[in-house]
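Presented below is the structure to which this report refers.
Labels run A, B, C and D following the written order; every chain starts at residue 1.
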Amino acid sequence: MNLESLSRLDRRWIFLAVGLLVILPLAFGFHIAPVEPSPRSRGFYDAIEKLPEGSTVLLSGDYDPSTIAENYPMHLAAARHLMRRNMKIIALALYPAGPPLTDQVLHLVGAEFGKKEGVDYVNLGYKTGNELVMSSMGSSIPRTFPVDRRGIPVADIPVMKGIHNYEQFSLLVNVSAGFPGTKEWVQQVVSRYHLPMVAGVTAVSAPEYYPYLQTGQLHGLLGGMAGAAEYEALIERPALAMRGMDAQSLAHVFIALMILLGNLAFLGKKPARKA
Amino acid sequence: MHMSQDIGVWVAALLTLGIFSFLYRDNPVYKFCEHLFVGVSAGYYVVLTYFSSIKPNLLVPLFGHFVEGRNFLLIIPFVLSLFLFSRFFPKGDWLSRWSIATILGVYPALRITGFGQSDLVQQVGGSILPFWVAGDPLTSLNNTLLVLGLLATLVFFFFSKEHEGAVGGIAKVGVYFLMVSFGASYGYTVMARVSLLVGRVMFLLDNWAGLVRF
Amino acid sequence: MTVLAVFAAEAGAFPLEAKDTPNDGGKSVTLTWAPPAEHPAHWTLVRRERGGAFAPVATLDGALARYVDEAAALTNGASYEYQLVADPADPPRDSEVSLPVVPSPDWLDSTKANVLVVTGLFFIVLFFTINQAHRGRRWTFRKIPGLVAIEEAIGRATEMGKGVLYIPGVQDIDDIQTIASMILLAQVSRLTAKYETKLSVPTNSPAVYTVADEVVKSGYQDVGRADAYQGDMVRYLTSEQFAYVAAVNGMMLRERPAANLLLGAFFAESLLLAETGHSIGAIQIAGTANVHQMPFFVVACDYTLIGEEYYAASALLSNDALLLGSLKAADTVKLVLIIVIALGCVLATLGNPSLGNWFSTQ
Amino acid sequence: MKREIPILITLITGLFCLVGFFVPHPFVRLLYDDIQQWVIVIVGATYVLGVANLLRINMHQVSQKSPDWPYKIVLLAGLLGMMAIGFSEGVRYADDGSKFQWMYNRVYSPMSATMFALLAFFIASAAFRAFRIRSFEALLLAIAAFILMIGRVPIGNAIHPIIPAAADWLMEVPQNAAKRGILIGAALGVMATGIRLILGMEKTYGSGEGSS
């Protein structure tokens, strides 16, 4: 096959190759390389690790099923890490389709560690208003969230006792897919109320949060499924993300090759036009 | 290998494959799934919004605990929320502008202070770094590069001067930094999209086909 | 024995500092203390209004060193005294009674002073430049290569006898990027009218359709070619994201436009549209402020208006005093920031980090 | 009057929220807190309005037998069915075993998760067909993309530990510098637009038909 015809290749062949490269390593589970935590994932881990046991933590799961593959593993791992260290978790979700995922995470991990809903953790659910909800919580959390996801008044929930605003939290753990999410929490809460924060985010949005890391507005960052895998390695609890890393690696190499091949085919076709 | 016996898993798997059929081309199965998705998600939003915002933050305090605290003031958002629906009546839609006007006041204000503090003031503060840190040449180099890259980028986005001479040269450096950052974004986007596919394949292989346990 | 116990309490007593909580809305007192090395399991915090009797406020963990009393019972302007009472009481390790404290609300949160100063200065510059622009002042701005390229692309489409496809993004008309796109569309439609080139504008929202149609119609009228305007130049396709992409890609493959203009807010569809446009060999010019999508445009398009360049292009074309004044104000502040950062870095290198600290809010 | 009252409302709510950031005194804060609570509810109502609108448009399309109208029936069935299930279950809609959650887990969630998984395929094809390295700028972009793509996954570390280290440095220094430049510029843009909106200077471009 010469380069000329390569450039006219039906793209559905590429689709097929991508599909196989993802399916095969998952189906047959071979192992390419171990996961090495990056400094940013370590920052996320350390921020939770150095909190005194029994602190109260705000866990905001701002994502929905469209990014479940990236965000759910980090949400799960964060909940495991927090419950292992006996933190009290106040959870919420500012994506409409987020609260059921928070329920799933908290119920699953709560059962693993024998934690009780209402006593050790609560899911406040969803509230309309995006970043306005964050700002309003700074004035009063019970007023912003009068009831939890199950309709129980927060005054009757033991874990909510004494929670008025951000003053009572030691850390904000945010799992974010975009808007509203990490950027808005930094803008409305971290900078304003000086609450320390770590974030686990989709890979698409990760690069734009690096400026917040350097200034200390974020103490740690998990970027995408790879970040989640690194965090799973740190808490020594391999799960979904680590098992996805082989397929992920192969697909990355394939796409890099596609860029190279595409440019070779293009060179073969006609001289480059100046940009 | 144990294919799932759960009808729910089958529904989920068939809908997943229905969406993937778009890869072959746009087709009726995909169209069916897409419309079902839009309908179900809209229905979901209404139920969720009612139970998580409208009922606990408006109806219960307003009609159940009218005299407590400042609850009586909730009559204002109650009326403004009703006004929103005035646009379904040909002559009443000016009323809905009152409701929109409250939203149009609050969000820009939140953004002005939010962006002003965290994306402007704080970022300027974070960029004021020493070019030389005693005994740490690597940090010194990184600080210098970070500051120069930022300044060059700002010069590129400076529109009051033609990009000629020294300014043009600095702006060009700014473009180089921008291109590196776009490359990073490209790499991360590839990672994100592949992960989502990995997630779906895991669902099909595990929950549906029962081939592997993840 | 009694004498001894009193003596022990005196010896063990440690100071308790009570202060009105700074930068707050009042009704709040911040208490700080250094807990004795062998602290009891708990403290009972007691409070009295001056002249009254002590009453318990809260039970605190013995290891704490700080507590903020925000009880609803506090009154601004009243004077209070506090004491920590050891629990269990034996051995007695109570704190001294604090000096009287008067909670009061503040008019300015001093930790936000830097934000106030920077925001305030920016707005002053902004109102000044907008006012100047309203009075007819026009500044010179740099050329934007992507903007020049749009005219060239339309010219080339004309030479080739092919059309121009204009995709105004996928956000609704209330999005600022879509509004900017409408300003650019006005200019593009004037050019296609002048050159008698076919223009297609597929939209994904009825509201964008309405505005875009109006913009194109008046563009054709502006250059006296109302006769060349056709009702099907602007079309509403569908609001569903991927269905819209599939439909627009279909249009590209059928109509084979010589120029693709992708100007507006784009999300995941950016790479699908740019790929198809690239495959039919069209000149592609893209502009968006969505940073995530920039890489796909940069590699597949001939020109890309990057972020602010995109807004600047629309401001320059609009000749609108508000937009031009805002552009000039942002430029002025950027120049100030460049100087401040450079100066701050030099000072920091010389060992004086005060400028950086002033900007820090963490 | 019809024109002035909305402008006045925007001005008052906007200024309260702006000033409330800097002034903690209850004189400002009480109403500042109230306004935020009110708008949370009003935003909720706009969601309901949006769905009512969707319902109206699609019913109209079905009755007009416009192209693709059978699909609009699917859409309407999904919408009304989901609402019927949710409201009939009442506050138990959120419980783990409810029918509403079944619909979420088995219908909504898989389709939502799959929509963007499609992009993995498209991104590979676009990499081959529309990633042209035809300038120095594009070359820089490509090199950064390569280092990130390989360095961010375990295979990079397996090839050589310098690759993930290079990826980290790239993210923290050059990419950080450029992103911060974009961030600062964008902040100025948002702030300028924001104050123009609050003060009623912004032309509401087609806002009448904008959200209808």
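As a convention for this text, contacts are C-beta pairs under 8 Å (C-beta built on N, C-alpha and C of every residue); 3 or more make two chains touch, one makes a residue touch a chain.
In this text, all values refer to a predicted model and were calculated from it rather than measured experimentally.
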| item | value |
| --- | --- |
| Selected interface, B-D versus C-D, where C-beta contact pairs are more numerous | B-D |
| Maximum centroid distance from chain C, chain identifier (CA atoms) | A |
| Distance-to-centre winner among chains (Cα means, whole assembly as reference) | B |
| CA centroid of chain B to CA centroid of chain C, Å | 13 |
| Whole-Å gap between the CA centroids of chain B and chain D | 4 |
| Averaged-CA centre spacing for the pair chain D and chain A, given as whole angstrom | 16 |
| Numbers and ranges of chain C residues touching at least 2 other chains | 112, 115, 119, 122, 242, 291-292, 295-296, 298-299, 307-308, 334, 337, 360-362 |
| Junction residues of chain B - those touching two or more other chains | 22-23, 31, 34-35, 38, 41, 44-45, 48-49, 51, 53, 57, 106, 110-113, 115-120, 122-127, 146-147, 150, 154, 157, 178-179, 181-186, 188-191, 194, 196-197, 199-200 |
| Touching two or more other chains - residue numbers and ranges from chain A | 15, 18, 22, 66-69, 97, 99, 125, 127-129, 132, 135, 144, 149, 151, 191-192, 204, 207-208, 211, 214-217, 223-224, 226, 248, 251-252, 255, 273, 275 |
| Chain D to chain C touching residues, read off their complex | 21-27, 29, 115-116, 118-119, 122-123, 125-126, 129-133, 137-138, 141-142, 145, 179, 182, 184-186, 188-189, 191-193, 195-196, 201-203, 205-207, 209-212 |
| Partner chain C, residues of chain A touching it in the complex | 164, 167, 191, 194, 204-205, 208, 215-217, 273, 275 |
| Interfacial residue positions of chain B with respect to chain C in the complex | 22, 26, 31, 34-35, 38, 112-113, 116-118, 120-122, 124-132, 147, 150-151, 154-155, 157-163, 178-179, 182-183, 185-186, 189 |
| Chain C residues touching chain D - in the complex, by the definition given at the top | 23-26, 105-109, 112, 115-116, 119, 122-123, 126, 130, 172-174, 176, 179, 182, 207, 210-211, 214, 242, 268, 271-272, 274-275, 278-279, 289, 291, 295-296, 298-300, 307-308, 311, 320, 322, 326, 329-330, 333-334, 337 |
| Residues on chain A engaged by chain B in the complex (per definition of touch) | 12, 15, 18, 22-23, 26-27, 29, 66-70, 96-97, 99, 125-129, 131-132, 135, 144-147, 149, 151, 184, 186-188, 190-192, 202-204, 206-207, 211-212, 214-217, 223-226, 240, 243-244, 247-248, 251-252, 255 |
